[in-house]
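Labels for the chains are A, B, C, D, E and F, by order of writing; each one numbers its residues from 1.
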Amino acid sequence: MPTDTKRVRGPDVSQSPSLFVCQPADGVSPQGPRADGRRRDQVDVRPVFVRCGLVSQAKGSAYIEAGNTKLMCCVYGPRETERKDETDMKCGRLTTDMRFAPFSCPERGSWIQGSQEKDFSTMLQESLQPAVCLHKYPRSQIEVNMMVLENSGSVLAHAITCASLALADAGIEMYDLVLGCSLRQNGASYVADPTSAEENDRGPDQSRNQGSLTVAFLPSLNQISGLQSDGEMSEDTLTAGVRTCIEGCYKLYPLVQQVLSRCVSRAACAPPPR
Amino acid sequence: MQQARRAGDHTNMVFHFLLHGHIMHTTSWFLFFPGEKLCSAEDCVLGTGVYLRHGYIHSSLAGYVVRKSEGKELPMISVVRGTELQLLPDVGAIVTCKVTSINPRFAKVHILKVGSTSLKDHFKGTIRKEDVRATEKDKVEIYKSFRPGDIVLAKVMSLGNVESSYLLTTAENELGVVVAHSESGAVMVPISWSEMQCPLTYAKELRKVARVQAKHLEA
Amino acid sequence: MAAGFKTADLLEYYRRFLKENCRPDGRVLLEFRPTTLNIGSISTADGSALVKVGNTTIICGIKAELATPTVEAPGKGYIVPNVDLPPLCSSRFRPGPPGEPAQACSQFIADLIESSEIIQTDDLCVERGKLCWVLYCDLMCLDYDGNLRDACVIALLAALKNTQLPEAVISTETHLPVVDLEKRHGLKVCKHPVASSFCIFDESTLIVDPTDEEENLSTARITVVTEEGDRLCAVHKPGGMSLSGQKLQECINRATVRQKEIQKLTDKVLSSVKTS
Amino acid sequence: MMAAVEVSEAEKVYILHGIRDDLRVDGRGCEDYRHMEIETDVVSNTDGSAKVTLGHTVVLVGIKTEIGKPRPMVPNEGYLEFFVDCSANATPEFEGRGGEELGTELSNTLYRVFNNKHSIDLKRLCISPGEHCWVLYVDVLLLQCDGNLYDAMSIAIKAALFNTKIPKVFISSDDEGGKDIELSDDPYDCMRLNVENVPCIVTLCKVGHRHIVDATLQEKACSVASLIMSVTHKGTVTCTRKVGGGSLDPESIFEMTEAGKRVGKALHAPLMKLLEQEESLGKKQQKVGFFG
Amino acid sequence: MISALKDKVGQILVPGDEFCCGAEDTISLTAHVQPEKVVCGPGLMRSADRLQVCKSGVLRHKEPNMFWMDSQQKRYVPTKGDAVIGIVTSKSGDIFKVDVGGSEQASLSYLAFEGATKRNRPNVQVGDLVFAHFIVANKDMEPELACIDGSGRANGMGIFGEGGLLFTVSLGLVRRLLAPHSEIRSDLQQLVPCELLVGINGRVWLKSSSTQRTLIIANLLQCCDTMTAPQRRTGGRSALIDCPSQRWRM
Amino acid sequence: MEVCGISNVTLRDFSCEQSLLSRPDGSSSFMQGDTSVLAGVYGPAEVKVSKEIYDRATLEVLIQPKVGLPSVKERSQEQNVRETCEASLLLSLHPRSSLTLVLQVLHDDGSLLSCFLNAACMALMDAGLPMSCLFCGVTCAIAVDGEIITDPTAAQEKECRALLTFAIDSKKCRVMMSSTKGSFSVQELQQCIAISQKASEKIFQFYRDSVQRRYSKNL
């Protein structure tokens, strides 16, 4: 790999101290209550803290905190698309850029965007695009920038919710809000809104029903705008999982509305004169 | 039955009342979120911040509902944010722009404001020679109309095509240069529709001057 | 003269305020924006801090890793500071590798760590010539409204003071490092440098803690870093309009006061984190 | 993002109406694949390779095996690396960044498809835990693009993995306690992979109110969204992903996953049969072609 | 101020050097009955009551009160009225784009040729050399060229360049070549007959009886900046004598 | 060797050549003792649309180290040199054009940043770019015993307690740029500035002599 000349460089090789830990940490037990006291096989999502409009420079912004997962999203634009083609004359573009801060995960990450971050960016884009009225923004692009400050599981799901709030805060016209929910299946049981420990738990080897699922959902239109799963799941489990995630999204909806209404009724957005 | 939500009232139970437009003529301000149904398409015509889906009008913004009825026609329903949010220059909009470069054929500008809304990101625009003024179009000289740095009021003619930028025109009395600096750096005073004067050196410079209107005095 | 005039001639707009010894955001010339500090909010980092100076927001996360010391300095560890200005923080920055502002600020922080000797790099050595700590200090801007440097220095200091290093030794049997993540100890932070940035308008007007807009309109920028005991550890002026000795003294005087304020703030927040 | 064709409104209506009546432009039913050809052992300097032709879509997969260091978190397993090259020859849209972006998107999906314990027995790829393991570099080259890249790619990967021969290795300890790795000289003395559990991808395109498999580019242009599913021979799903700019209602997602499972499951048996046939033929050919 | 300036004529000045219009000027009014209006040429700038040097070089003076800095510079900056050699780089609509070595390409209307009308367009191809003068040159505007003078005559301007050589020299040398009684030019004419076209933008086009001769003269001219007049003469003569055509044929 | 105290400032032997490169529009080589820097200036030339500024020229500074690629350290030096040049150049006289200054390190034996500044100033002058004033760079090292050494060598830099580099303008002799390393007292700072101002007089005289030499044939 070529050396990074645009950053202050440290030693060529350094290793995470967790590789040298004397005894490995206990795995997550697949039965019994979850480490944070939530229930299994229930749509028991973490309490969420959300704020809109924190970033002065952005057109719209949102910050979401679910357990220790912390995400910040800023929306810029619509601004003129740099390289235009014919479709841009009819329809705007939605670009997404999702990054993990180097200190956001247990292992220090690189500054350079990895393929995982690109993958998340693409999935975020695919989940948001169906909800944005892009035909209202010809010749221009709307930029969604997402920063993961701390990854404690279900990052993509919360990123979707966070981004749609930032878009709404920016006053970008949308067909609906987009809410995200994740689930981790482990054998016969599942956990909703998994933490990173639960996500990485690989469970007993023989289990054939083990995987992760993230759904992006448009609550008013009852449409799924994003679906992504990996691992191994039977088709029934998958279907049941999608239904559970939709339920999880509905649980989030009142809170999201509450945050948005607070943001709309802020001083800067006083009701229009009658 | 005033069960509707007011700003800051967050109960979710009133959803179903909102499906029918009949409670929205009250004087309260109702908050709506993107995707929420406002009313049937038979009850209202579409304004801004709304869209039509399967015969119903839905909100596309987080904002307040405004219904305007004029005469006997159906009222127009819109969802608006408190502050006017004009995000893009539309055809017909009056824009404030800054001239960035000129040549004998056109002037290039940056669009700074649409109506009274400042744009965070600048869009590029072009004022072609033939669109500078309405009369004697073939005698127009760009150099005698604009200079880089001038602040110009213009109207959006079209969105242009793939290669070009927004096409703008100043071919109206109210449009043209509103702020210009002289060679010595002072803000010049308009003295006619085609001339401005430096208050320091009294040198006159040629411009396509906008007729000063009360509402633009601020600009 | 409303918002319209502001778009037309921003500099003139500012001049009218400065003439009255105040600024468009209501501050007087040598007044800082409200500064708030939050320490230890990122649990995946070994030390972290979030600083807001007005709108400008910086988050600093410190991750400690193990490495071999250099041959030239076998008894020292590494401190690797990097500043990132992601596109998230302002529309001015595009995705991709860091641009000049971010790189220059990274170098400024790296120089500062060296100049002021905030941490004795000897303290980071686990075993001479074999094993030492690397402190990756990643500073990320979340909202860019000017005066990046002051905010970065506050965030860095607070995060370093918050850092808890796990216990590490080289095992006598396997000759491999052994780490106990449960047993941790803090870093010895010896100095407390604080940066104060200023802008000069039209050769003569000096303002402190400039916003993004003020930085862009000004003719020169200067950052003074002071420590306890009125010592200076950086006078950084990248160029721009020249500065008289008298103005420079004004900057130093203001910076000395600021150093005391920020040190007090950091200590207060740190002790509140410890007690809670 | 994906290579697209311009389809007029009239054509769209025609295609939509056809699909409504289970009749596609080329005469297929909604769940039928186009004609498919599979060839293995097509690239000489790889350890396994396959070429799949699906309608006009042509995909070439080459697998190289190399000895590497196991990942620190899983010291007793080898691993797979995917790289998808969107050749500009396949379609002009792949030129420049467009191809690069699609390439990363496709390879990222492949990582997800194989992100489970059963697709490939990664433990067999381990040579000595924590020190050496086999790394399988799966290189996918899109030669021609006429829709349904995912499905063609996954079948080609399965075929190439089937075809892959990993040399046998012997570990010997030298006097100082160090370890030496020796590769077997005999080209026939090699390890083969069990590809039984390797999934195939089925892409379901929602067109109008129905969904179709193996969509051509024209058909894809009429669709707002697709669902990608990778399905094993037992019918388990290892990866799903919604792609495209539109949304789907939950009920149609459930219909699509059901159809995907059915179609995907049915793909495996004929594929394995074909590969085994090809293998027995291939050996004869090889004897003729090389030194005999 | 004028006297202060005159004291410095022929001397080296550097940016930042200033001349103050102090009380001295009012006194000079009594001495001379003339309006004290200094005309600033290139390299000098007026700011408020001061005259400021902004380029390094030698201060020159022309009666009655014109001053400028004679500086050696390579990059050409278009000035109205300058006659330059340009290369046609593209045609777009009614204009040609011409590279003159400045920061921006100049435009040249197809009507700005002698005898050109909308029907009768001049025959100009991309890559052609053109000798033209600036009718618009201003920092705010795109520079504009014309191949006709005020009365519509070509006056030596237009497309040219069959079989000659185009090369670049310093702007200082060009000015010396174009000076009314240029020594270099007369030296050159004595040495060898040739066609010489000099653009003030530092481009020189040359044509002589043979390619060798053309090359020698071109090299000689390019070296002129660093040679004194006697060096130039002897150098030129020996080069032309040393390199007769036979030697090349051998 | 070097003497402290304001009365007498010692610099190493300086030498400079202008116009030594044929391709750039202006060039210089500058030597301070064994430290040597080569500078080339290009422009005013065509500017990339993305970097175009409507009312002034865009200046780019590129520093090439002796070996390897430029790193973050060079980027920070580039910023220092660029902003110093921007303050002395009259950039508004060449709007919408680009200026590029390339600085190549030939040998580093201390006081490199000041050598960059000096080489830059000579090259800008050589290119004939309009400037409001000249500037020069002076490096001061404060030794462990408090002695102030001007124009230190690399060895002296290594041993010193603090290292301060200033750019001084020729008009008012004030500080245009300041870059410091190490910690020092306010008094030491002021002493260093005073010494640098004193040294700048010498350097500006050296500049003038160099230009004189260059134009000797034209006098």
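The rule is short, and it goes like this: contacts are C-beta pairs under 8 Å (C-beta built on N, C-alpha and C of every residue); 3 or more make two chains touch, one makes a residue touch a chain.
According to UniProt, the chain labels map to these proteins: A = Exosome complex component MTR3; B = Exosome complex component CSL4; C = Ribosomal RNA-processing protein 43; D = Exosome component 7; E = Ribosomal RNA-processing protein 40; F = Exosome complex component RRP46.
Because the structure is a prediction, the values reported are computed rather than measured.
Peer 1: So which has more C-beta pairs touching, B-F or A-B?
Peer 2: Most contacts of the two pairs: A-B.
Peer 1: Suppose each chain is reduced to the average of its Cα coordinates; what separation in Å results between chain A and chain F?
Peer 2: Measuring from centre to centre gives 49 Å for this pair.
Peer 1: Roughly how far is chain A from chain C, centre to centre by C-alpha average, rounded to an integer in Å?
Peer 2: The answer is 29 Å.
Peer 1: Using Cα averages as centroids, what's the distance between chain A and chain E in whole Å?
Peer 2: One centre to the other, that is 64 Å.
Peer 1: Using the touch definition from the top, which residues of chain C touch two or more other chains?
Peer 2: Only 91, 103, 106-107, 110 qualify.
Peer 1: Give the residues of chain B that touch two or more other chains, as numbers and ranges in rising order.
Peer 2: In chain B, residues 101, 120-121, 148 touch at least two other chains, as defined above.
Peer 1: Could you list the positions in chain F whose residues touch two or more of the other chains?
Peer 2: Counting only residues that touch two or more other chains, chain F contributes 72, 75, 95-96, 169.
Peer 1: Give the pairs of chains that touch; include all such pairs.
Peer 2: Result of the pairwise touch check is A-B, A-C, A-D, A-F, B-C, B-E, B-F, C-F, E-F.
Peer 1: Residues of chain B touching chain E in their complex?
Peer 2: Within the complex, chain B touches chain E at residues 101-105, 143, 147-148.
Peer 1: Considering the complex alone, what residue numbers of chain A touch chain C?
Peer 2: 4, 6-11, 13-18, 20-22, 54-58, 68, 70, 72-74, 76, 79, 97, 99, 101-106, 108, 111-113, 143, 145-147, 149-152
Peer 1: Which of the residues in chain C end up touching chain A in this complex?
Peer 2: So the residues of chain C in touch with chain A come to 41-45, 48, 55, 57, 59, 61-68, 70, 78, 80-82, 84, 86-91, 95, 97-98, 103, 106-107, 110, 134, 136, 138, 140, 142-145, 166, 168, 176-181, 212.
Peer 1: Can you check the complex and tell me which residues of chain B touch chain C?
Peer 2: Touching chain C from chain B are residues 96, 112-113, 116, 118, 120-121, 151, 178-179, 187, 216, 218-219.
Peer 1: Touching chain E in the complex: which residues of chain F?
Peer 2: Chain F reaches chain E through residues 19, 24-26, 43-47, 88, 90, 93-98, 125-134, 169-171, 207-208, 211-212, 214-215, 217-219.
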